[in-house]
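First chain written, first letter: the chains are A, B, C, D and E, and each begins at residue 1.
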Amino acid sequence: MTSDQIILVPLLPFLAFAANILAGRWLKNRAAWLSVATSSVACVIALPICWAVFQGAHFAHQGTWLMLGTVPLKFGYLMDPLSATLLFMVTIVGTLIQIYAAGYMHGDPRYSRFFAYVSLFMSAMLTLVVSDNYLLFFMAWEIMGLCSYLLIGFYFEKDSAANASLKAFLTTRIGDVGFLLGFLTLFAALGTLNFSEMNTLMAGAHGSHATLNTGLLTLAALLIFCGTIGKSAQFPLHVWLPDAMEGPTPVSALIHAATMVAAGVFLVARSFTLFMAVPNILPIVTAIGTITAFMAAFIALTQNDIKRILAYSTISQLGYMVTAMGLSGLGAGTFHLITHAFFKALLFLGAGSVIHGTHVQDIREMGGLFKKMPHTAVTFIIASLALSGVPPLSGFWSKDEILLSAFGAGNFLVFGILLLTALMTAFYMFRLIFLTFFGAARNAKVHAHESPALMTGPLWCLAVGSIVIGIPGSPFMHHWFQKFIAHMVHYPEYEPSGLVMACSIAVAILGITLAGVMYLKQKHWAAAVAKNFPLFYRLSFNKFYFDEFYAAYVVKPFNALGHVLFGFDETVIDGAVNGTGRNTLFLSEIKNWIDQYIVDGAVNFMGTAVYFLNSFVKRIQTGFVQNYLLIVFLVLVAFLILELKLA
Amino acid sequence: MPILEIAAKFGTYAVMAVILIFALGVVTFRNLFHCALCLAAALIGTAVIYVVLQAEYLAAIQILLYVGAVVTLIIFAIMLTEHLAGKTARQNNSQSLLAIVGLLGFVTLLATLILKTPWPVTPTALQAKNSVMGLGKALMGTYVFPFEVISIILIAALIGTVVIAKKDAPEEPL
Amino acid sequence: MIVLPLSHILIFSLVLFAIGVYGALVRRNIIGILISIELMLNAANINLIAFSKYTSLSPETGQIFALFVIAIAATAAAVGLAIVLALYRVRKTVQADEVNLLKW
Amino acid sequence: MIRSWEFYVDMIFVTAKAWILSLLGRFLPDWIVVLASITISGVVILCLGPVIMMYLTLLERKVIGRIQNRYGPNRVGKWGLLQPIADGIKMFTKEDIVPANADKIVHLLAPIVIVVPALMIFLVVPFGERMTAVNLNIGLLFFIAVSSVTILPIFMGSWASRNKYSLLGGMRTAAQMISYEIPMTLAVVPAIMMSQSLSTNTIVLAQTGDFDLHWFIFTPWGIVGFIIFFLCATAECNRPPFDLPEAESELVAGFHTEYSGMKFALFYMAEYMNAFTLCGIAATLFLGGWQGPFLPSWLWFFGKTFLLICVMIWFRGTFPRFRVDHLMGFAWKFLLPLTLINILLTALWQFTSNLTAWLWSILILGISLWILVKLNRTFVPEKRHYPLES
Amino acid sequence: MIFGMGVFKGMMVTLKNFLTSYVCKPDNGGIFTVQYPEEREKVIENFRNFPFLVYDETPEKIRCVACGICERECPPKCIHIEMALDAAGKPTRKPAVFDVDYGLCMNCGMCEDVCPFDSIFMDHAFEVTAPEQSEGLVRHKERLMKSNEYFQKVRPTLASAIDQKRKASEDKKKAAAAQAPAPPPPSAGGPPAKQEPK
C-alpha cells in the first residue's frame, strides 16, 4: 500500500490551492506556508517512493474511471525510472522555489493568489509526472498551461505582462492542439492511451511492422512532437518563452525554466518507444532541437535583460535535450533535464535575488554586485559554471552525454553545432556574470543589498544540488543514471570518449576566457565585434526577427485579410448599395405616382379584404396557451383516427 | 393461496379506482389546496401501484420526491399566490366541453389500440427479480452519462429558479 | 407476483393521462395546470415501469427512466412555480387566460 | 437443536406469534393464517405506538421536572404512572372546537393523516432479533420517504385552520423539515455504504462483532453521522431546541393552535411516536440496533432507544430555542457540508487501515470544522459583555 | 475555544441538576417543591392575609368598640360595621354587625394600622374557600372573632407587644383611677354617639 500514497503527492498541493483560493483573504501571509508545507509533505512522501524506484522497484496502479460504452477510461499512476526521476526533481526544486517565493513575493497584494496558482501548478505537474496515460497527462498539461498563463499575467496591470500571458497561451495552444490530435490519432492506431501498454505494443511491433499502421503512427508522433515544440519552446514556437519573463521571477524559475517547459521533453521521453518505432521522425526531432539550441544561444549573446538572457539560455538547453532525444539519447536527454532543472532554477532565483536587491533588470545598469550580494553572486557563479559545462559540476556530465550521443551516432554536423552552442553558452553566461557582479557599478542610483536568508537559503540548497546532481551520471558512479533509464527502454549507448570530454572542457574554458577578456579587460572589443559583424549582431540582437516575422507573416496577413474584407465591404458592397440607393431614389419618384394611385389602391383593397377575412381567422390566435394546447391535442386525435383508419 | 391472490388483484383494481377518483379531484376541485392534496393522494396511490409492479425502490423515491418535495413546493406556491380567505373564482375556462369530447375520442381510440395490440409479455420477464443493487449498478454504469446530465440539469434549474423567483429591485409593474 | 394483464395497467394509465390532459386544458389557474402536468408525467411513469416489468427488457431500464422522469418533473415544478411566482409578482394574477398579451 | 434459555427469552415474542399461527393453522385455511400474521403485527404496532407515546409524555415530564428541580407528575397512581391515562381521558372528554371559517374536512383529516406515517415507520424498525414487522429490502429508504410525508398533514392542519399563527407555524415546519431532511438523509448514507444494504435488519447485522465494538458509532464517520442524524432527528420531530413551528412565545402553538381535544392529542401522539421511531432508527443505524451482550435483543433495542429519547429530553431541558435564520443556516451551511465530508470519511475508512483512517478523519474533521466555524460566524457569537456583571 | 464547548457545558449543568435532584437538599441543588397538602412551608410571622377581631378572655370581651375608623379607611370598602344598641336604644360601644367581605379585601392591612383599640389584626389563615363568590366569602362577626391566645400563637411578637402596651395603659389607668375617682361614664360614651350614622 505504500505506493498508493503517491496519489497524495499531487493531491496535497491541490488542497493548498483550494484553501488558498477559497480562504486566501484571511490566510494572508500564511498562504505561503500552506503551499510550502504541502509541497514539503509531498516531497517527503515522494522521496522514499523515488528511492524505492531507484532501487529497482516498479509501481503501477490502474482504476477504471468511466465506462464509455465498452471502452474503459482508465486512470492510474506509473512509477518507472523516468517518472521517479522527474518526481524527485520536481518535488525538491518546487519546494525550494516556493520557500524562495515566500520571501520574494513578500508584501504583494495578491500574495495568497500567487501561492494558490503555484500550488495548482505543482499539483498539475506532479499529476503529469505520475500519470500513466496520455489523457491524464494531457489534462495536467492543460492545467499547467492555464497556470502558466495566470502566472505570466500575474501583474496584469502591466500591459506587457497581459500581452505576454496571452502570447504564451496562444502560442502553446498551437502545440497543444497538435498534442491532443496526436494522442487521439495514437488511440485510433493502438486502441490504448496507457504508456506501458503502448511500450509493450511497440516492443512487440519492433520485429513486425506489418501489424501496426505506420502511417498513422508517424502522424501521431509528429503531432505529439508538436506538443513538445509548443510547451518546450522549440523552434519555431519558441517566441513565447522570453516574453513569459514578465511573470514573477520564482514563476520563471519554477515553470519556465525547471519544470513546465521540461514537460515537453518529458513527453518525448514518455513517447520514446513511439518515436523509436516510427521511421524518419528522429531526424526531424534532432533538426528542430539543434536549430533551437544554436539559435537561442546565438540570440542570448547580445541580450541585455538578465531574465531574457536566461530565458534564451533555457530555450537553448531545451534544444539540447530535444537533440539528445532525437539522437536516441534518452538517458542523456533526461539527465540533462534534471541537471538543467537544478542549475537553471538556481540561475533564475539568483537573477530574482539580483532584481530584488537592485530593482533593475538591465545588466548594463548593474556591475560590481559581488561585494554587495556575496551569497547570490557565489551561487550564481556556481550555476553558471554548471551551465557552461565546467567539470566536475553537474552540467558538464549531462552536456557531455549529449555531445557523446551526437559524436557516437556519427552525426558530426550536429556535434559541431552543439559544440559551438556550448561555446556560446559559456560566453554569454560569463558575459552576464562579468557585467553583473564584477567591474564597477555603472549606475549610481542602484543601491544593491543582499536578499534575506529566506531567499538565499534555497539558493545554497540548489547550488549544492547543481554541484552534486551530476554525480550519478558521471564515470564516478559508472554512468549509473543512464543504465537506470535504460532499464525502461533500450536505446543505443556509446562508450565514453575522452575526445568529446576534452572538446567540451575546451570550449567551456574558451568561452569563459573570451567573455572575461571582452568584458573585463578589453571592453571596446564587444562594440568592435558588433560593428564588424553587423548582420550577425542585428540578427542576434533582434532575435532573428522572429517576432517581426510572425507579426509580418502571421498576424499581419490576418489583419490585412480583415482590412481587405473591410475595404471590400466599404467600397464595393457599400458603393453598390449606395449606387442602388441613388438609382432607386430616382426610380421611386416615378414609382411613387404609380404606387399612390394604382398599387396603393390594390393594396388597400387587399388589406381591407384580408382584414375582413382575418377577423374570422385571427380568433384562433387567442393568446391563451391552453387553446393552442387544445388544438394540438385535437389534431393529434385526428391524426390518430386517420392512422387507425389507414391501418 | 388463490384467495389472497384474488384479493390482492382486486385490491390493486381498487387502488387504481381510488387513484382515478383522486385524479378527477385534482382536475375538478375549485379549491386549489384541495387539488394539491388530491394530487398527493393520487401520487401515493401510484406508489402503491409501483409496489405491485415490484418497483419498491421507485415507490419510495416517488413518495420522497413527489409527495415530500414537489407537492410541498406546489403548496408553498399556492399559499404564496392564493388569498387565504379569498373567494375562489371560476376555475375552468370555456373549452371544457370540447376538451371532454376530444379526450373521450382519444381514450377510446387508444384503449382499443391497447386491447388489440399483442403485447410481447414474457413469463421470464415476469419472474425476474430486480434488486436495488442492480438498479444502482445500472445507474452508475450504463446510464452514468444521463445521470450526470440530470445533475447538471438540476443545478441549472436550481440557479434558474432562484434567479426567476428572486425579488428584484422594486420597479413599475408592466 | 400479482398478474394483472398488461393492458389493464396501460388503460389505467391512459385514463390517468387523459384526466391530466383534461386538467391541463381546462384549468384557469397556472398552478392547476402544473399539477395536471404532474399527473400526466405520473401516468407516463406507470407505463415505463409496467413495460419494463412485463416485457423482456432489462428490468432496470424502465425504472431508471422513471427515475429520470421524476427528477425532471421536480425541476419542471420548481422552475414552473418560480415563473408563476414571478408572474404573480408582476401581474398580480395566476390565471392562464389573463396572461394573453401574446396574440394577434 | 438445543439452545440456551437466553435464546428463548430473546425469542419470546417471535415464538409466541409462531405458536399462535401454528395453532390457527390447524383449524383454518392458509390465507387466514397469512392475514392473521399481518393482523398480529399490525395490532401489536397499533397498540405499541400509543402506549409508547403515553409513557414518553410521562417520562419527559418527569425528567424535565427533575432537571428543573421539581418532581413532575406524581399524584395519579404510584409515581404518577396513571397520569398519561388521566390525560387521555381528559383529551377524550374535551370539547372539539372547530373554527367557524375552517376548511372542515381538511381540518378533520389533518390529525388523522399525521398519525399514519408515524405508525408506518414502526413497520421497518427492528425491535429485536427477527422482530422487524416487515423486513423490506429498502427499509431505510421507506423510512426516509414516509417521514417526508409528515409535512403534508402539517400543511393541511395549518392551512385548514384559517389562522395566521397556524399558517406561519405550518410554513416554518415545512421549511424546517425540508431543510433538515437533507442532512439527515446524507447522514444515513455512510451506514448504507458500509453495510451495503438499505434493509434495517441487514444494517444491524453488519454491526455484529466482538465486544460490540463493531457498532458504527465506534468509527469516526459513525460518530459524526450519529451526531448529525440525531440533531436532524430532533429537528424533524420539532423538539426543542428546534421547536420553532410550535414556538409558544411567538406562534401560540404553531400549526395546532386551533386544535383541541382528541385532534390535538393525535398531533401530540404523532410527534412523540416520531421521536420514538427516529431514536429507534438512530439506534439501529449507529448503535448496533438490538445487538448487545447478555440481555435479550428487544431489551437492548428499547434500552438504547430510551437512552436516546432521554438525551432528547435532556436537550429540551437545556437549550433555548433557535432563531429562524440560525436554524436554516445551521442546516444548510453547517450540517450539509459536514455530512458530505462525512461521506468522504466513510470512503476513506474503506480504503485504509483503522488507525490511519482515524488519524486522517480527525485531521479532516478538525480542518473542516474549523473552516465551517470560521465561515459560519453567526453561530459563534462575539464574546458579550454584560455591564451589570461584576 | 473549541466549537460546541458551550453546548456541552450547558448540558453538563442540566445533567448535574438532574442528578442532584435525587440526592441533595433543596438549598444545594435538590428539589425545592413543597408537596402542599401533605407538607407546607412555615408561614413567617409578619405574613398578613385577611383581618380578624381579637377578643380577650371571652367572646363578650371584644376589643372592638365599633368606632368605624377601619370601615372608613378600608380602601376597597370591604368592612361593614353596625354598632349594637342596648334595650334602650343607646349605643353600647360594641359591634352588632361586623362583616368583612374577603372577596373584596385586598390584604392591605390598613385596618390594622388605623385601629386605635388594637382590635383588628391580619390573620395567617389563607385557605379560604367558599362554594359561591358573593355571599360565601363574607365573614360575619362570629367567625371573625378569635381569642387573644390565637393571636399570641400566630403572631407572638406583635401580640405580646400589644399585650404589654395594653397592660401598661391599664396600669396607668388604674393608677390614675387610684389617684382620681373614676370619671363619669357619659364622657366616654360621647364620641360613639356622634358617630352613629343611621
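Worth pointing out:
Methods note: contacts are C-beta pairs under 8 Å (C-beta built on N, C-alpha and C of every residue); 3 or more make two chains touch, one makes a residue touch a chain.
Everything numeric in this text was worked out from a predicted model, so none of it was measured.
Note: the chain lying farthest from chain E is A, by mean C-alpha position. Central chain by Cα centroid: D, whose mean Cα position is closest to the mean of all protein Cα atoms.
Of all chain pairs, the one linked by the largest number of contacting C-beta pairs is B-C.
With each centre defined as the average position of its C-alpha atoms, the distance from chain C to chain E rounds to 81 Å. As a whole-number value, the distance joining the C-alpha centres of chain A and chain C reads 54 Å. In terms of their C-alpha centroids, the spacing between chain B and chain D amounts to 29 Å.
Between chain C and chain D, the centres computed from C-alpha atoms are 34 Å apart.
Shared interface positions of chain A, i.e. residues touching 2 or more other chains, are given as 624, 626, 630, 633. Residues of chain D found to touch two or more other chains are absent.
Multi-chain contact residues of chain E (touching two or more other chains) are absent.
Note for the complex: chain B touches chain A at residues 93, 95, 98-99, 102, 105-106, 109-110, 112-113, 141, 144.
Across the complex, chain C is touched by residues 618, 621-626, 629-630, 633 of chain A. Residues 66-67, 624, 626-627, 630, 633-634, 636-637, 640-641, 644 of chain A touch chain B in their complex. By the touch rule above, chain C contacts chain A in their complex via residues 21, 24-27, 33, 96-97, 99-104.
Residues 63, 66-71, 314-315, 317-319, 369, 373, 380 of chain D touch chain E in their complex.
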